[in-house]
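One chain, chain A, links the two complexes that follow: it is found with chain B in the first and with chain C in the second.
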Partner chain A sequence: MLIGALLSGLVFGLYFTLVGLGLNLVFGVMRIVNLAHGDFLMLGAFAAYWMFALFGLHPLYAALAVLVVFVVLGLPIYYLIVPRLQMARDAEMLSIILFFGLSQMIEAVTSIAFGTTERSIPGRVLGTGPVTILGQRLPSAWVFGAAVSAIAVACVYLYLYRTRLGSLTRAVMVSRDEALATGIDVHRVSALAFGIGIALAGIAGVFAPFMLGSVTPALGPEINVAAFAVIVVGTLGNPLGTVLGGIIYGVGLMLMQTYFSSWANILPNLLLIAVLLFRPEGLLGRATRRA
Partner chain B sequence: MLRRSVVVIAALASILFVPARVEAQTAPAEIRIGHPYAGSGPYASISMPVYLGLKLWVDRTNEAGGAFVKPFNKKIPLKLIAYDDQSSTATAATLVNQLITQDHVDMLVSDSGSVLTSVAVPIARDHKQLLFNPTGTGAAFFTKDNPYVVLLADPASTVWPKYISELLGNSAKTAGIKRVALLYATNDFTGTQASTIRNYIKAHADTGLELVYDQGVPTATSNYTVLINNVAATNPDAVVALGYVGNDIAFLRNLQDSGQKFPFLFMIYPGVEKEELLKNVGATGMEGVFTYAMSTEIEYKPNFGMTAAEYKKAWHDTYPDGKYEFGFNAIAGYTVGLVLERTLATTESLDQLALRAAVQGLSGKLTTLDGPFEVDAETGAQLGEITPVGQLRAGGKMEAVWPLDLANGKPTFGKK
Partner chain C sequence: MHRVFNDLGLAVLVVVAMAVAPSIYSNQLLLFNFVMFLSLAQGLNVIYGFTGYLPFGYVGFFGAGAYGFALAVMHLGFGPPGAMAVGAAAAVVLALILTPLFRLSGAYFAIANLAAAQAVYEVVANPALEDVTKGPYGVSLSGVFAPNASYAAAVAILAFTLLLVVWLRNSQFGLSLRAIKEDPISAAMAGVSVVRGRTIAWLLSALIAGLVGGSFAWEVSVFYPETAFSPQFSIFAVVFALFGGTATLTGPLLGVFILYGVYNWIGISVPQYFQLIYGTLIVALVLFLPNGLVSLLTRRGIRVP
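Here is the complex of A and B:
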């Protein structure tokens, strides 16, 4: 049972890396907390559901479509909200309130538009039968989701460390004011990061029906709690630290399900409390946070 | 002379019309029905169908001129005052208070499900307001010292597992189904059922029944892969997995993906919300699963209101967009309406205890599309709308398999 829990946790945790990645990127670049992150994920799930239901579109193509649409969608949302927000004295705190409101609106509008019925995409779309790894059977959809997550992490890494825009993004992450002083178009860089952030949430959403069984418009807040645990453990503002946070979350959750199943849902809170008490800067700490 | 005649006529008229005027003043312009519902959040999928079923009944009753109210000997229009509690128990508590103290509703219908009903029960009791409880079945809600709650549309959680427990006992003797794994979501609804099944297994150990796995999981659980592997590691003959809609969808999908099979699998929602489960899991993933055969599957002959087939048509006519699936909860909402209608037609007054007495008066006499309506006079728990066990066959068809007097098929068991 232990090996099964560890392996499942690793795969499930890789998916949760993708869930938290966009949230951490947005916080790292803009120092704002996107409490509607889980709702963007839910929108990605609904987009994938409808693309499959109406056109039979494979989730991989749906993920590509969501990537493009959400990046494009992110730009006007950024310019509408974030620059004004950052003029406030305490933008970080205000962002929590503002995005909480946005989260409520997204959930309400989605509920009205699509109803509250559970929705999912057949598991066979991502392969039939389990995948056996080290003698343990895992759903092929989980392995698929983890693989997509790994690819997304690699892409974010390449973007940040191998492109000019990525270098500018890291400069803004280190110091927004200094970046501004050196002539970097901070809003352009931030808007793109915001778009990429919600697109990553959307891609995670495409695979949510497979990883979480089904989705409803109410998915967002629950996802937010898990995503926060992942990024706080992995270090706030360090997108790549999210990998560590995700794996710790996934393995922890599966171990809890195995040995203390009734208490499994307190894991995110336990992780948050433990990290904030003993290592508030996150497990990877300040050095790597500064990119 | 003329002046004197006018005065006399006016005096006579005042005498003649006084009783009518008094009656007009006493009879309310509308019967106010208060109902918190979850329009969003985790319980919306079970709450919205109840709300929409109740609303359908209100609309149709009003189209017919309102509900007949015995104390006023006339039909009075209904007004449904419904607020969205967003699946939050704190908000539900506030709204229940508001419905009682601000809106002064005549009849209070709680939100559906045990979680959101749990906050309404003590508030209604404190205000001496009868709580018409659609589907909050937690056993703790029904006590002999509280006359202000009555369960309308499904039986108490302790009653639900009666037949599945019996089937387990019978299968232990006849088919060697002895090692039972029990996995349940930790809430009143499923927790109470788990407790009843656990006690049955312990009390019938002489049949060979043995509990080999007994774990609760949070109701928010959305992945069961590791749990299924852990259950399988105990080598059970039967798995009883009790959860809400989302739990059951996740469990069945994970089970299908894992390639694991159990000879006997019992779950709640494949029967309760079959259409929704079929859409999410597929008929293949549900084949062979034992579940509750609800009124969506067993055609009762109602002596009041529409039949299940008529109601299903009315539902799809009223809500054609498919946002809300037709299932047991849709029937529950309409059933609540029917009980309210009969209560108003038989009550002596709108006093809350008079309403409670009227509901009790329906017990054993009323049969709706949801089955025979029988209320425990002491606790208000529903006892009549029983939950036989069915088994899903190919294509999503269901056969009732237990108890034998209701069965139209025989239980079949898979291989280990």
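Here is the complex of A and C:
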């Protein structure tokens, strides 16, 4: 039972890494909190549902389509909102309120367009029969979702550490002002990071019907809490820490569900508060953000 | 002195208007909701407007007040006034437990506060605690149901809240809070006790939400954890206060009368459309009018109560 909980925790940990990664990238680069992150994830889930329901499209193709569309969608959203927001005196705080408004708009439009019924995709689409690892049987849809998450995380790593644009992105993360002074086109780099951030949420959303069960337009807020717990545990603004945060979160969640199932829902909240209070810089961070 | 009288005049006007409203308009529950949101928006104003800390989980104190009231009635056999006191105390104790969150800045504080409210909800709604809180099945307090008395209590809480805001706007303590908000380090250098100031504002703000929660429990008398801890309360309080303009007396009042009025006009029948409207409104507000409606006047140098 313990090994089963640890294994499924690892599988979900990889998935939750993907859930939090985009939020962390946006925060790291722009120092704004995208409270509509969960709603972009929900949009990805609905895109996958409709592509499957209408054309029988495999979620993998849906993920590719979502990646392209969301990156392209992210650019105008960035230019409409973020530069103006960053002129404000307390941009970080105002961003919470602004993106909360955006989240409400997305949820409302989705409810108006598609109704509030629960949508799901049958798990057999991602392979039939359980996969056996270390004598533990896991649904193959979970393993598939975890594998895609791992690939997506690896791609973000390669982008950040092996491409020129990625180096520029990391430069903006370290110091926006110095990046500006060295002639980096901060807005171009940030806009792309924003697009990638919401595209990662969208890809996580494509697999949400398999990992989290059925989805409704109101999925956003609970995803946000989970995503925050993941990235705060793994240090805000540090994309690699997100992997650690995701795995701690996933394993913790599965252990709670195995041994204290009625209290499992409280875990993300307590984890978040505890880390914020005792180690606000996250597990991998340097002490820079004590207020 | 002139300024104090302007502020006091507005406060008295609103309280009197809400006190006599039930004899003119018969939907008392709707009026109660207006009074409740007037107090909640001002309670949030006390902490957000005067210190800049955004309590995104403000409903946690409201829910603590409502459940404190319910538990005191169910288990201790208290009458409504005693139960209100227990509810208020529950909210203040929760606020005391959460004071370490002030070590966090900006967005971190808001998110941690949201998580804290969620955690309290998960505890109250947990089926494992059914014997104490009735878990997810909700509480029924029909024995103390007295809508006229609970409405009067809500108006009294509103009066207390408005007086508190008037005091904050016109006292040395309120001034020191705003100094802390502008620049905590300089304020501390000038001899302002930063920690004490923030803590007092925080406890007062929680006290208001707890009292309002208690009066809510008394008024509706049957409710569920999802109702008492609905994020809608925090969100409405934030949006109403922000819409009108924080750190003023007029702003949150305007926000409630306009937005909650619109909500009751279109929101009940088609909630999605209202959600779309207020989502759009929030985005537009932050981008174009971050200091609220009253800033249209204040930036022309006109003082608004």
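As a working rule, the second predicted complex is superposed on the first by the 286 of 291 C-alpha atoms of A that agree within 3 Å, B and C clash if a C-alpha of one lies under 4 Å from a C-alpha of the other, contacts with A are read in each partner's own complex, and residues count from 1 in each chain.
To be clear about the criterion, contacts are C-beta pairs under 8 Å (C-beta built on N, C-alpha and C of every residue); 3 or more make two chains touch, one makes a residue touch a chain.
These numbers were taken from a predicted model, which means no experiment stands behind them.
On the superposed chain A, the positions of chain B and chain C overlap enough to count as a clash.
Of the two partner chains placed around the shared chain by superposition, chain C is the only one that A:Ala88 touches, whereas chain B remains out of contact. Contacts of A:Asn265 after superposition: both chain B and chain C are touched. In the superposition on chain A, contact of A:Ile273 is made with chain C only, not with chain B. Judged by the touch definition given at the top, the superposed model places A:Phe16 against neither chain B nor chain C.
Contact with both chain B and chain C is seen for A:Ala108 once the two complexes are overlaid on the shared chain. Of the two partner chains, chain B is the only one that A:Gly213 touches; chain C does not reach it.
In the superposition on chain A, contact is made by A:Leu138 with chain B only, not with chain C.
Of 42-50, 78-86, 168-176 or 222-230, the chain C stretch that intrudes into chain B once chain A is superposed is 222-230 (criterion: clashing C-alpha atoms).
Overlaid on A, the two complexes show chain B and chain C touching the same residues of chain A, namely 107-108, 111, 262-263, 265. Residues 52, 54, 56, 100-112, 114-116, 118-119, 122-123, 126-128, 231, 235, 238, 242, 272-273, 275-276, 278-283, 285-287, 290 of chain C touch chain A in their complex.
Against chain A, the residues of chain B that register as touching in their complex are 38-42, 44-45, 48, 87, 186, 215-218, 220-227, 229-230, 233, 245-246, 249-251, 253-254, 256-260, 276, 279-282, 321-325.
The part of chain A that touches chain B in the complex is made up of residues 1, 4-5, 8-9, 12, 107-108, 111, 114-120, 122-123, 129-130, 136-142, 211-214, 216-218, 222, 254, 257-258, 261-265.
Interface residues of chain A facing chain C in the complex, by the touch rule stated above, are 33, 81, 84-85, 88, 90, 92-98, 100-109, 111-112, 221, 225, 228-229, 232, 262-263, 265-266, 268-270, 272-273, 276-277, 280, 289-291.
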